[in-house]
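I'd like to ask you about the structure that follows.
To keep things simple, chains are lettered A, B, C and D as they appear, and every chain counts its residues starting from 1.
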Amino acid sequence: MTEAVQLSLGSGWLAAVDAARSVIAGPSWAGWILWLPLISLVLCGVCAALKIHTKLPAWITVGSLAISFVVIVALYMSYRQPMEIPLLDWFNLNWRSNDGQAGSFVAGFAFYVDKLTLLWMLFVTGLGTLIALYASEYMEPDVKRGYARFFAGISVFLFAMSCLVLADNLVMLYLGWEGVGFASYWLIGYYYTRPSAVAAAKKAFIVNRIGDLGLALGIWLIYYNFGTVEYANAQGTGLFQILASGSYKHEAGGWSIQAIPFLLMLGAFGKSAQIPLYVWLPDAMEGPTPVSALIHAATMVTAGVYLLARMLPVMELHPAALPTVAWIGGLTALLAATIGMAQYDIKRIWAYSTVSQLGFMFVGVGVLTTYGAAFHVFTHAFFKAVLFLTGGAVMHGFAGQLDIRKISGLRHMPGWQITAWTMLVGCLCLAGFPLSSGFFSKDEILAQVFAVHRPWLGFMLLFTALLTAYYTFRVWFRVCAGPVSYEMGEEHHGHGDDHHHGKADTGHKAPPRHAPPAHVAHQPHPPRFAINFVLVVITVGAIISTFSGSWVMDKVSHSSAAVLHAADSHEHHPGWVPWLAGTIAVAGIVVAWHFHLASRKSADALRARLLANPLTRWLPTAMENKWYVDEFYEWMIVTPLWIFAHALYLFDRYVIDLLFVDGVARLPKWMGRSFQPLQNGVLQSYAVLMAGGVGLAILLVVVLMPHLRPWLIGFFGGGG
Amino acid sequence: MTAALLLIVPLLGAAALVVAPARHAKWIALVASTIAFVLSIIMAVRFGPLWTSREFNQIGWVGLIDAFGIRLSLGADSVSMLLVLLTTMLMPLCIWGSFSSITQRLREYYGWMLVIETAMVGVFIARDLIFFYICFELTLVPMFFLIAIYGAENRARAAYKFFIYTFTGSLIALAGLLYIAWQYAKSRGYHWSFDIETLTTFATDMSATEQAWILLALLAGFAVKVPLFPLHTWLPLAHTEAPTAGSVVLAAVLLKLGTYGLYRFVIPMIPLAVVEYAPVIAVLAIIGILYAALICWVQNDMKKLVAYSSVSHLGFCVLGLFALNPLGVQGSVLYMLNHGLSTGALFFLVGMVYERYHTRDMDQMGGLCNRMPVWAFFMVFFVLSSVGLPGLNGFVGEFLCLIGAFTASADNASYPGVLGPWYAAVASVGMIFAAMYLLIMTGKVVWGPLKEPGGHGHAGASRAHGSTLPADLTLREIGVLTPLAILCIYIGVQPSPITTVLGPPIDRILGNYPETVERLAQPDLRPEHDVIQVSGIEQGEPAVSGHQHYSGGADG
Amino acid sequence: MNWAADSCAFFAAVQPLGQLALSHYLITSAALFAIGLIGFLSRRNMIIMFLCTELMFQAAAIAMIAFSRFHLDVSGQVFVIFILTVAAAEAALALGLVVLLYRRRETLNADVWSELRETPTP
Amino acid sequence: MADRLPMVDKLWFILPEVALFLGVVVIFIMGLSHSKRVRDMLPMITCLSLAVAFGLTWWVYEGSRGQTLLSVNPNLMLMPMVGKYVKMSACAIGIILAMVSVGSVDRRLEAAVAAGHLPFDPIRANRGEFYAFFLLSLMGVMLTCNANDLIWLFLALELTSLPTYIMVAISRPPRVAQEAAVKYFFLGAMATAIFLYGFALLYGSTGTMILTEMQRAFAAQAKADVVNSFGIIGMILAMLGICFKIAAAPMHFYAADVYEGAAAPVTAFLAFVPKTAGMVAIILLLTTLGWSGHPSTGLPEPIMTTLWMIAVLTMTLGNLGALLQRSVKRILAYSSIAHSGYMLIGVIAGPANNGINAVLFYLLVYGIMNTAAFAVLAALERRGQEIETMEDLAGLRIKHPGMAVVMAIASGSLLGVPPLLGFFAKLYLFIAGIQAGQIVLVVIAGLNTAISAWYYLGLVTLPIMAKPSAQSETIVRSPFPWPRIAGIVTAVAVVVLPLFLGPLIRASQAATTPASLTTGVTISK
C-alpha cells in the first residue's frame, strides 16, 4: 500500500483509493453491531406493550449499546485493511436482454469497514452509550408514560446510524439516512401532546426528506453512470474501483456525471443542517435534551460530513464541487453564529452553535483537509455533548427554565459545581481557547483554508470564531457566573420543558392548566450521580480528544477520504494562524466578560441604543428573529404551494369532474331531450315523420348514390 | 385443477350464503375465503419450476363456451400468481374486518364479497381473452352493489359513476381486443382463437398505425381502472362512499386490474405503439403523481386523502411499467403488491376510526394516540410504509420504479428505453409530497392533544353512542392488521425472493423491447404503413413475416 | 281438354307490354300511391285515412299488374288477388276499431287520440 | 325444373302451422262456453298447441321425409333450416308469453261474472279471441320463415301483424289501450302499403316472385354489372316497410306509445313476435339481393349505407329516448328499439361473418330477457292496475324479493353485464360486426351500450336498493301465479343458459348452413 503523497488537489487521493481495491472478507460477528440495536428495539417495544413501568428499557438499550461499542473496539483491534462483511442480500436483480446484454442491480445488507468507519462508529456508539446512561436518569419522571418508547427510539437511531456508517453500498446508506431521519422524527415528537413538538418533528422529517431526495438522485445518477452502487466488491466493479481505474470517463455522458457531487452535497446539507436546509435543527430542540445531545449535536448531524468524506473521490468529479462546499459551510457558520448571539434560550444557542461548527467542518472538507474536518467532528462531538447535557441538567433542575436572563450564579449554588465547571470546559473548547481541543481542531481547518490560498473565506471564519467565543461565554457568564439569582420555570416537578406537559393517561383526566401544581419544588434540585458521572466522563473525553489529533489523522489517511499526508500539510500551514485564532478567542471571551459579567446593564443599554436608532434598528430585530429565514421559506415556498394545491383541488373537482366527466355524462340526456318533442303522441305527426324518413332514404339512394360509390366501397368494404 | 377449484369455491360459498341463515353468513364467508386462500397457497407451492421458467403455465382449461373458440383456459405466470396470492390473502382479512361494521343485509354483503373474489382471481389467471374480459367486467357488478347498498351518504351517485365510467372504458377496450383477435383470425383463415398467448405473438407484427389505435382503445379501458391522471375522478368519490372492506378491496386489488391489464396486454402486444407513446403515458403518470399528491395535502377527509394518495402512488407504478426495462417493470409489479398491502391497511385503519367516531373529518379529531395507542402504532407504521421509508415495503417498489425510469434513457447498454433521468427526477419530487401529506395527516390525527369529534377531549362520552367497540383496537382488528404489517416488513427487508421469481416472465415480456426501441430511434427505419420483418420470438410458432397481405400463416 | 296448355297458348300470342306503355302504368300507380299517402297524412277523419291506405294498396296492385303484363308472368296478378283479400281484412278490422273509438269519443278525428305522449321532463 | 310442383313439397313443412290452426279453432269455440272452468282452460290449450307445434317442427325438419325433401330440391326454400330454429324458438317463447298473459284479458268481466253481477254474455267476452289471435300471430311468424316467394312473405307478415292490432285493442279496458291500437293500426297499414309497393317494384325489376329465382336474377345482373335502380328502390322500400315491424329508425315512433298503451303481456308479445317476423323477412329479402351473389362487397352500397344509417339511428334514438322516461314500459319500449338497432349490426355483417347466426341467436336471447322483464310487470299490480312508473318499482325487494331479483337479472342481461346471457349474445353480434370490418359500427354500439347503462342501472337499483316510496307500498301480487312463474323461469334461463352456450350457438349456426348459401363459413367448432 504505497503512500504516494502529492500535494496537488486532484491526484492525491488516487493512492489511498487503491487501498480499497484489496478488500478482504471481514469477521461475521461484526453483524452484531446491527442486530443488537434491533434486538433492543424489539425488547423495548415488548416493554411498551406490556406497560412495564420500570427503568428496564434503559438498561436494555445501554447494555446493547455498550456491547456494540465493545464489538467496534474488537473490530478496531483486529483491523488490518479494508474489510467487506456481507450479512443479508436485499436488492439482487440481474437480467439479460434478447441481444445478450446482461445487467444487474445488487445492493445487499453488508458492511464496508475501513478506518473512517471505525473512527465514526467509535464515537457514535461510545457517546451513544454514555448519553443513554444520562437519559436513563433524565427521563426518569416519564417512566410510566413514554420511557420504553424513548429508548426504542434511541435503539432505532443507533441501528440506522450504524447502517449509514457501516454501509457497503449507497442504498444501505440511504436506508440509514432515512432511518436516522425517521428516528429524529420519532424522538423530536416524543412529547407528542405538545403541538409545537409534533410540528417540529414533521418539519424535521420533511426537510430531511428534501435532502434525501438530493441523495437519492445522486445515487441513481451514480448507478446510471457507473452501473453499480457498491463502494467496492470482489469482482472489482465497485464504485471506488471504477473511479480508481479511471475507466469511467469516456463512457458516461457529460452533465450527468458532473451533477453527482452537487446532488450528494444537497443530501449532506439536508442532514447536517447547512444553509438551504438548516431550519429544522433549531426546532428539533423540542425533543428531550439527551436526544438533542446525542442526535442533533454529536452523531446524526455529522452524517453529512461522513457522506462527503466517504464520497470524496466522487466529489472530485466536478472541479467546483468542493469549493462550493467550503463557501456554503463558511456562510452557514457565519449566519448561525450571528443568530446564536441574539438568542436567550440555552438549547437554541447550542443548536445554532452546532450549525455553525458544522459549517466549519464542511469548510474543512471543502478545502480538502478531511483530517481537519474529522478531527473537528471528533472534538465537537464531545464538548457539544457536554454543553447540551449541562444545559439539560440546568433545565432538569430548574423545572424547565432555560432563559439565560433568569438564571445566574450557578457556580455558587450548592451541588451545581460539577455542572458549572464541566460547562466551563465545554465553553472553553467551543470558543477555541488556546490549547483546548476546539482550538486545535478549528486551527487545523483555519490553517488549511489559508494554505489553499482562500484569504476571504479565512478572514470570514476568523470573524465567526470571534462571534463563537463571544456567544459561548455570554452563556457561561450569564448562567454560571455573577450573583446567585434564579426564577423557577413554571414546569412542575419532574421533567419536560418550559411548557405544560399533559399527562393524559388513558382514561385519566388531564389536570386543568390554570391550577398551580401543588408540589413545585421551590429549590432547584441539583443533578444526581448518573448525570454528574456522565458529565465528568464526557468532559474528560473532551480534554483527551485534544491530543487525539494524530490518532484521527491515521484513521482518515487510510480510508477513501484520505487527502494529504498530515506531516506535509503542517509545513504549508502559515505559522501565524494559530496565534491569531488564539488571540481572537481570548478577545471574544473578554468582550463577553465585559457585557455579561462586569456590567450586564451595558449589554441591555447597547441593545436599547441600537433599537432606538432607526438606521441600526434592523440589526438586533433581524438577528433575534433568525433573519426571518423561516418566514421567508414559509412565504416563498409553502404558501404558494398551498394556494396552488387548493387551485388544483378546485380544478380537479370542478373542471375535470364536473365539466368533463359529468358534462359528458349529461350529453346523452341533453340530446335525448332535444329528440323528445318528436314523440308528441299525434298519429299524423308520426305518419309524417315515417313518410319523411322513407322519402329521405329513397332520395339518398337515387340522387347521392352514384357520386358516393367509391367512398362508400372504401368505408363499407373490408368485410366478406 | 386447483385453479378451477379456486374459482369455484368462493362461488359455492356465495351460493351457500343464499340458503344459510343471516347470522351464520359471516362465518361461511370467512371459511370459504380461507379455503380459497389455502387453495391458492397449494397452487403456489405446486407452481413448481414455473416460478422461474420463462414458459407460461397452462393450468388447465374447461371447454365450456367453446362456440366462439373461447376455451376458458386458465393459466398463470409468477406475476399473476403473486397477485392471486395478494387477493386471496386480503379477502379473508376484509371479511373478518367487516364483522362489526356491517349489521344489516349480511347475506348479500358476504355473497357479493365472495363473488368479487372469484372475479378478481378469474382476471389474474385467465388465459383466454374473453374469459379475462368477462371477469374484468364482472368485478364491476359486486362493487357496484357494495357501494350502492352499504355506502355512506350519496352512495348512489358514486356507484353510478364508478360503474358507468369503468363500463364505458372496458367496452372500448373490448373493441380493441376484438380487433386484434379479428386480425389474427383473418390471417389464419378465420379460425378464431382468443388465447392470450397466441394473440400476443401475433399482435406484435401488426402495423404501427393499427397498434396506435389499439393502444388508444386499451388505454381507454385500463387507464380508467389504474386510474391514470385525467380519468381518476371516479376514485375519490367511490372510496369515500364505499364501506370499509369495499374500499380496501377497491384500492388493494381492483386498481391492480388496470395495471395488470397494462402489463398483460399493452406491453407485450403492441410494442411499436408502446415505444412511441411511452413518454406521453409517463408524463401523464408523473402529472398524476404530483397533482394527486398536492390535492391530498389540502384534503380534510381522511378517506378522500388516502384515495388520492393511491392515485399518486399508482402513478409511480405506471411510470415503472413504461420504463420498459426489467428494473422498472419489476418495480411496478412489486409496487402493485406493496400498494395493495399498505393502502389496504390504511383504509382499514380509517374504517376503524369511522366505526368509532362516525366521521372522517380530520379537523374534528386529534391526538387519537392518547385514546387509541395500538391504533396509533399501526397507523404510523402503515403511513411510513406508504411514505416509502427504506426497510419497509413501500420503499422497495418506489425505488425500483424510479431507478428503472431513471436508467431508461436511449443510451442505456442493456435495455435502452424512452424515458430518462428527467422523468424520474420530477416524479421523485412526489416522494417529498408523499411524506408531506401523510405526515400532516398523522400529525393532525395521531399526535397532538386529544380532541375527539363531537365533544372536547373528555372521557369518550362523545364516542359514537351506537358503537359497542372499545376505545382501542379489539383483538379481531389487530388480527386483521398484523399479517399485513408482517408482510410489509418481510417484503421491505427481503424483496430478493420476489424479484428472482419475477425475473423470467418479465424478461420474456420485455424480450424484444431493446430492439424495438433501437429500431424506432433511427427515424428512417420507422414503419410508416406496413410491418417490418420482426425476428422470431423465442417461443410459440414462428412469427409470420412480411405482412403486406394477410396470407394464412402455417399456424397450428 | 288441356285448358292449361290453351291458356299458355293464348298468352303466347299476346305481345308483351312495350317499355313505354309500362312507364305510363307505373306513373299512374306512383301518382295513386302519392295521393293515398298525402291523403293519409292530411285528412283528420279516420275513415278517410283508412280509405287512403286502401288507395295505396291499389296503387301497388296496379304496378303489380303492369309488371305482370310486362313480364308475361301470371304471378303478378295472383298477387293482386291476395292484395285485395288482405285489404278487405284490414277494412273489416279498421271499421271495427273505428266504431269502437267512435263509441268511446263521439268523434272520428284522429288528433283526439294523443294522450300517450312524452311530457318534456325538466 | 323437377317434375314435382314445389308448392306440394312445401306443404310438409307447414305441418306445425296446421297444428296451431287447429288450436286456434278449438280456442275460438271454447272461448264462447258458459262454464268458467272451460274459459280458464284457454291459456292451457294455447300452451298445449304451442308445445305440439314445437314437437312437430322438430319431427318435420329432422324426420327422414323432411331431410329427403330438402336434399332432393335444394332451392325449395331460400333458407330452409332457418324455419326450424325460428319456429322452435317462437313456440318456446310463445309458451312463456302465454303464461305471462294469463288472467290479463277480460279481468273485470270475469270478476263481475264470477261475482254474479253480470250474466256471462259470449258477445262481450274477448278472452277466446285474444288467445286465438295470439296463436294466429305466432302462426304468421312461423310461416314467414318458409316463405319462398313474395306473396307468401306478404301474407305471412300480414298474418303476424293484423292479430296484434286487435290484441292491443282488447288487452285492457281503459281508453289508452284503444288509443294505442288506433295508432298501431293506422301506422301499420301505412307501413304495409310501403313494403307492398316495394314488393311490386322488386317483382318488376326481376320478373319473378320466387325468391330463389330472384336471387339468381340479381346475381346475374350483378355479374353483368347492371345498376338495377328499380330493384334497389324496391328493396329499400320493402326494408323500410318491414322496419316498422322491428321498430327500426324511421318507423319506430309508434313503439313508445303503443308499448305503453297496451297491457304488459301484449307489449311483451309485441316486443318479440313482430320483431322476429320482421327480422326473418329482412334476412330473406337481403339474401335474395345476395351477400353471396354480389362479387365485390356483399350487399350493394346503397342498401349497405341505408342499413348502416338505420342501425345507427335506431340504436342512438332508442337509447337516448329511454334516458328520460319515468314509465318502466316506455323504457322497455325504447330498449326494444335499441336492441333492434344492435341486431341490424348482425344483418349488415351478413352470413359470411356469422352475422345472421348472431341475429337469430340474439332474437332468442332478447325474447327471453324481455319477457322476464315484462313478466315482473304482469305479476304485480296496484289496486287492480298494472304497475307503471319507476316509483312503483322502488324498494320492491322488501315485499317481493323474487320479482325484484328477476327484474335486476333481466335488466342486467339487457345491459350486457358479463355473466348473464345478454352479454354473450351482444358479444356474438360484436364479433360478427368486427369480422365484417364494421369497427366504427361496433364502437358506436359499445358507446350506446354504455349510455344504456344509465336506465338499466336504474331498473336494477330501484327494486334492489331504493327505499320503498308511497306508491310501491301498496303493490301486491296478482291473483294469477303464472306470470310470476314465467318470470322466474326466464330469469333462471338467463343465468343458467350461458353454461349451455355451445349447443345454442351451434343450433343458430345450423340455421344458416343450407346448400344455397355458398359462402357460409362458420366459426370453428
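Just so it is clear, contacts are C-beta pairs under 8 Å (C-beta built on N, C-alpha and C of every residue); 3 or more make two chains touch, one makes a residue touch a chain.
The structure displayed is predicted, hence computed values, not measured ones.
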Closest chain to global C-alpha mean, per-chain Cα centroids: B
Greatest separation from chain D - chain, by CA centre: A
Euclidean distance of C-alpha centroids - chain B vs chain C, Å: 65
Distance from the mean Cα position of chain D to that of chain B, given in whole angstrom: 43
Centroid distance [mean C-alpha coordinates] between chain C and chain A, Å: 97
Separation of mean Cα positions, chain D and chain A [Å, integer]: 78
Sequence positions of chain B contacting 2 or more other chains: 164
For chain D, residues contacting two or more additional chains: 182-183, 186, 190, 194, 256-257, 324, 435, 454
Per-residue overlap in chain A, given as positions that touch at least 2 other chains: 673, 676, 679, 681, 683, 687, 691
All pairs of touching chains, each written as two labels joined by a dash: A-B, A-C, A-D, B-D, C-D
Contact footprint of chain A on chain C as seen in their complex: 37, 40-42, 44, 110-111, 113-118, 120-121
For the chain D and chain A complex, residues of the former touching the latter: 182-183, 186-187, 190-191, 194, 229, 232-233, 236-237, 240, 244, 249-251, 253-254, 256-257, 291, 296-298, 301-302, 304-306, 308-309, 317, 319-324, 349-350, 352-353, 435-438, 451, 454, 519
Residue ranges of chain D touching chain C (in the complex, touch as defined): 149-151, 154-155, 158, 162, 165-166, 169, 175-176, 178-183, 185-186, 189-190, 192-194, 196-197, 199-201, 203-204, 207-209, 256-258, 260-261, 324-326, 330
Touching residues on chain A, where the partner in the complex is chain C: 673, 676-677, 679-684, 687-688, 691
Chain B-touching residues of chain A, taken from the complex the two chains share: 88-99, 101-103, 105, 171, 174-175, 178-179, 182, 185, 189, 192-193, 195, 198-199, 201-202, 205-206, 209-210, 213, 216-217, 220-221, 223-224, 227, 253, 256, 502, 504, 506-507, 509-510, 641-642, 644-646, 648-649, 652, 656-657, 660-661, 665
